[in-house]
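Okay, structure first, notes after.
Read from first to last, the chains carry the letters A, B and C; within each, the first residue is number 1.
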Amino acid sequence: MRLYVPLAITFIAGMIMILEFFIPHQPFPTLGDGVKDWYTIVASSAIFLGVLNLLRVHLKKIARRRKHWRYSPVTIIGFLSMFITGVAWGVTEETPFYYLFNEMVVPMGATMFSLLAFFVASAAFRAFRASNWRASLLLASAFLVMLGRVPIGDIIWRWIPGAAESSHPYLVSEIAEWIMQVPNMAGQRAILIGAAMGVVATSLRMIFGIERSYLGGGD
Amino acid sequence: MKIRTFSAMIPAVLLIAAAVAAQPVTVENLEAQDSPDDAGGAVELLWSLSEGTDFPDSITVLRRAPDGSMELVGTKPGVSTGHVDTGLENGREYGYLVRVHRGGEVAAEHGPVSAVPAAQWLHSKRWGMLLILIVLAGFILYFIEQGKKGKELYIRQIAGLAAVDDAVGRATEMGRPVLYVPGIMDMDNIQTIASMVILGRVAARTAKFGSPLLVPVSKSVVLSVSQEVVKEAYLEAGRPDAYQSDNIFYLTDDQFGYAAGVDGIMVRERPAAIFLLGTFYAESLILAETGRSVGAIQIAGTAMPSQLPFFIAACDYTLIGEELFAASAYLSREPKLLGSLKGQDVAKLFFIAVIVLGVLAFTLGDLWEPANEVAGFIRSLTRVE
Amino acid sequence: MKKLLERIGNVDRRIIFILMALAVIVPLALELTMEMPVGEGPSYDLYEYVEDLPADSRVLMSFDYDPSTKPELQPMARALVTHMMSNDVNIVAMALWPQGATLGQTILSSVSDSLGTEQYQDWVNLGYKTGGQVLIVRLGSSLEAAFPTDLEEVPYGEIPMLSDISTLRDFDLVITLSAGDPGIPAWVMIASDRFGVPVGGGCTAVSAPQFYPYLQEREGERPQMEGLLGGLRGAADYETLIERPGLAAAGMSAQSIAHLVIMVFIVIGNITFFATGRKKRTKGGGR
């Protein structure tokens, strides 16, 4: 029973969504809208699960003085600050929530993202080796795209005597654009098609109950 | 003589063009039809606009009410060429007029036209997608049957999956935990589901070897599923006492908040083996580089083309695209799952053949008309509306 | 010499981090500027499409990003909103990401104040709703059902500019500024392919290559996407085209120097690799 009910729900919901895509006649659009609305409701409600787990785990850590417990009050204070200010004064402009969001959340998120600049440099230094012809080709393309996607590539090109007056005064960015639009597009398409087929096959296995690992149980 | 005549014509041509441009644009070729490919209850009005640049201020659509009067059902910008009237009764005829407005007055009226809304049982523009789905499903189900009958189905070695045991064993030897990161998307994402499958296998190994398993998640539903998957794996391995629900915990939905949290766990707990399997975005390199800095063996896998290069540069093993979806079949060696993988591969061969045929047909289309028709057919087959 | 090269090859990554930081900070501090021509390409295509929209056209703009990608996407949001408001194009804003609504509101209200446009007459922010792709499909049948009120709890029916907008098909263009999922692929699949509404987009630089297939011209049909702003360069291109250089254009000098520094690192790394005769065993999927 514990296994068959979720399998039945998966099958019914999956088939409704497939049939709704191909059959415009009622009742399939209504059923499809119903499934989509239920999905929205469940996804919204599930937010509470995560919040309760967050509080439970960190309060337990503080109570039992587990390893690194001192970080937990910081987490809880941060969570409660945003929650209480948002509920009490709203989330529109000129509220405390908005101030906390703009002055703390936004810069912290941007800081984490900007770590990428440093990590790309260290990963590039460590890993990008012209160890064979394929890697060399990749490196050459990377150099051309990196130069072509910023103004300095064309500036360097135009330092060459006659380049600025030639029929391709912005040659580096043109080459970079060609690499993006031809070989890159071909490769991206191939990966997209392969991944999409993997998605369809996995989805079909789940709908027909062949793949059950996501339910957490065995056969 | 010809040049003089032609030169004399130029002012006349220009005058005519100017006259046409100055003429007010109006509605032409008005027609009404049942709105196609819907559940009914809608009529589509289509019209074209005459030549010129002096567009009307607006175009209104009126429908004949049961008492015979005309009621306004739509006001469109002066450049529009159609309107869909909804909320109608199937099987009943509806009559329409279209009015063109200029300077606050009705400049012209067109119609009446009429149509009867009806529902369609099959979407006419999606038959190609249905055919493709049937072909794909057909191949997959056929090879699943072959697998069930005991036929030997070959699958090549996938280095990242073959290294799972070694990675967990390394963690056990070093007395350090295993960290499993299932990506940042929710359970409606197929990559997350594929990650849950592998989590079950990894949890079975950690239960057997006695290594702690940490699973920080970014979504609440993923939290519930992860806990169930790991609990079941420990139960099946006969180690229910070793299962610790607090080791599978929610961090945050925020992408970089999650990355910061996982980085903190890596630096504090110093896991010996890190699994990064699922959907990742810009945080992928942050996680992979931090994992590398703590000296862990890293096995990554994603179907996100933009993140694969970062994983390949920073991790020891990377599952690329479909290899992630093949994991359940690979690790379990179950005939049904191997069969579906085989079916997927054969379907891919079929689609490669269609692509090559389409490219050839389109390329030769300029020289040989039948090739154009083949190209058009393949295009209609693969279009979705 | 070999020892020196080995030491360089094993350099502490913190030195690399410091050099990268200097490569970004110094050009910004010196306010270095560079000539920035905008040629034909996805940025120009989007600009041209928006420029050709008649006054009173209706554009649905979806802010599908969060604060972490604000440095790349907020400048393009500002440039697009400025362009559209200057051309009297009406903007209906929404978000598929929770923080996108607030980020969008910041842009809309500040540009509106500077250009003198009016909320609810020229623009409105419907806010955030969960659901991603499922929500976009819902917009195809009823905008009001998906957004009964706007961000400030004003009922849909009381907003003047929404009086003749009922579904996604009533828009002349959808613009999505997308940092991940849900984002551009969902809008292209549903809005462009299923409902026939033109879609334009902006995204982070790292994601841009995967969206190029959507830009391809198709015989007898419009492309799946009308144009794409890729990363800070795309934002800088758009600012240049509307002749209002801002943060993105200023950031191009720093990005240029940073790219050069990374290239130098790669060259040094390869020199040390070959000179020390080291063969690193590499592992990876698919091999």
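The working rule: a contact is a pair of C-beta atoms (placed from the backbone, for glycine too) under 8 Å apart; a residue touches a chain by one contact, two chains touch by 3 or more.
Quick caveat: nothing in here was measured; it's all calculated off a predicted structure.
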Chain-level touch network, classified as line, ring, star, complete or other: complete
B-C or A-C, whichever has more C-beta pairs in contact: A-C
Between subunit A and subunit B, centroid-to-centroid distance (C-alpha), Å: 14
Euclidean distance of C-alpha centroids - subunit B vs subunit C, Å: 19
Centroid distance [mean C-alpha coordinates] between subunit C and subunit A, Å: 14
Multi-partner residues of subunit C (each touching 2 or more other chains): 13, 66, 68-69, 209-210
Where subunit B touches two or more other chains at once, by residue number: 253-256, 282, 305
Where subunit A touches two or more other chains, by residue: 39, 43, 105, 108-109, 112-113, 120, 122, 124, 126, 128, 188, 192
Contacting residues of subunit B [partner subunit A, same complex]: 37-40, 119-123, 126, 129-130, 133, 136-137, 140, 144, 186-188, 190, 193-194, 196-197, 200, 219-221, 223-225, 228-229, 231-232, 236, 246, 249-257, 259-260, 264, 268, 282-283, 285-286, 288-289, 303, 305, 308, 310, 313-314, 321-322, 324-326, 328, 336-337, 340-341, 343-344, 347-348, 351
Complex interface listing, subunit C residues touching subunit B: 13, 54, 56-57, 66, 68-69, 98, 164, 166, 169, 179-181, 189, 193-194, 196, 204, 206-207, 209-210, 283-287
Touching residues on subunit A, where the partner in the complex is subunit C: 33, 36, 39-40, 43-44, 91-93, 98, 101-102, 105-110, 112-114, 117-118, 120-122, 124-126, 128-131, 139, 142-143, 146-147, 149-152, 154-155, 170, 173-174, 177, 180-181, 184-185, 188-189, 192
Touching residues (chain side subunit B, partner subunit C) in the complex: 74-75, 77, 79, 84, 86, 158-160, 163, 185, 189, 253-256, 279, 281-282, 293, 301, 305-306, 312, 315-320, 323, 384-385
In the complex, subunit C residues that touch subunit A: 11, 13, 16-17, 19-21, 24, 34-37, 39, 41, 66-71, 99, 102, 105-106, 109, 129-131, 134-135, 137-138, 141, 151-152, 205, 208-210, 212-213, 215-216, 231, 233, 252-253, 255-263, 265-266, 268-270, 273, 279-280, 282
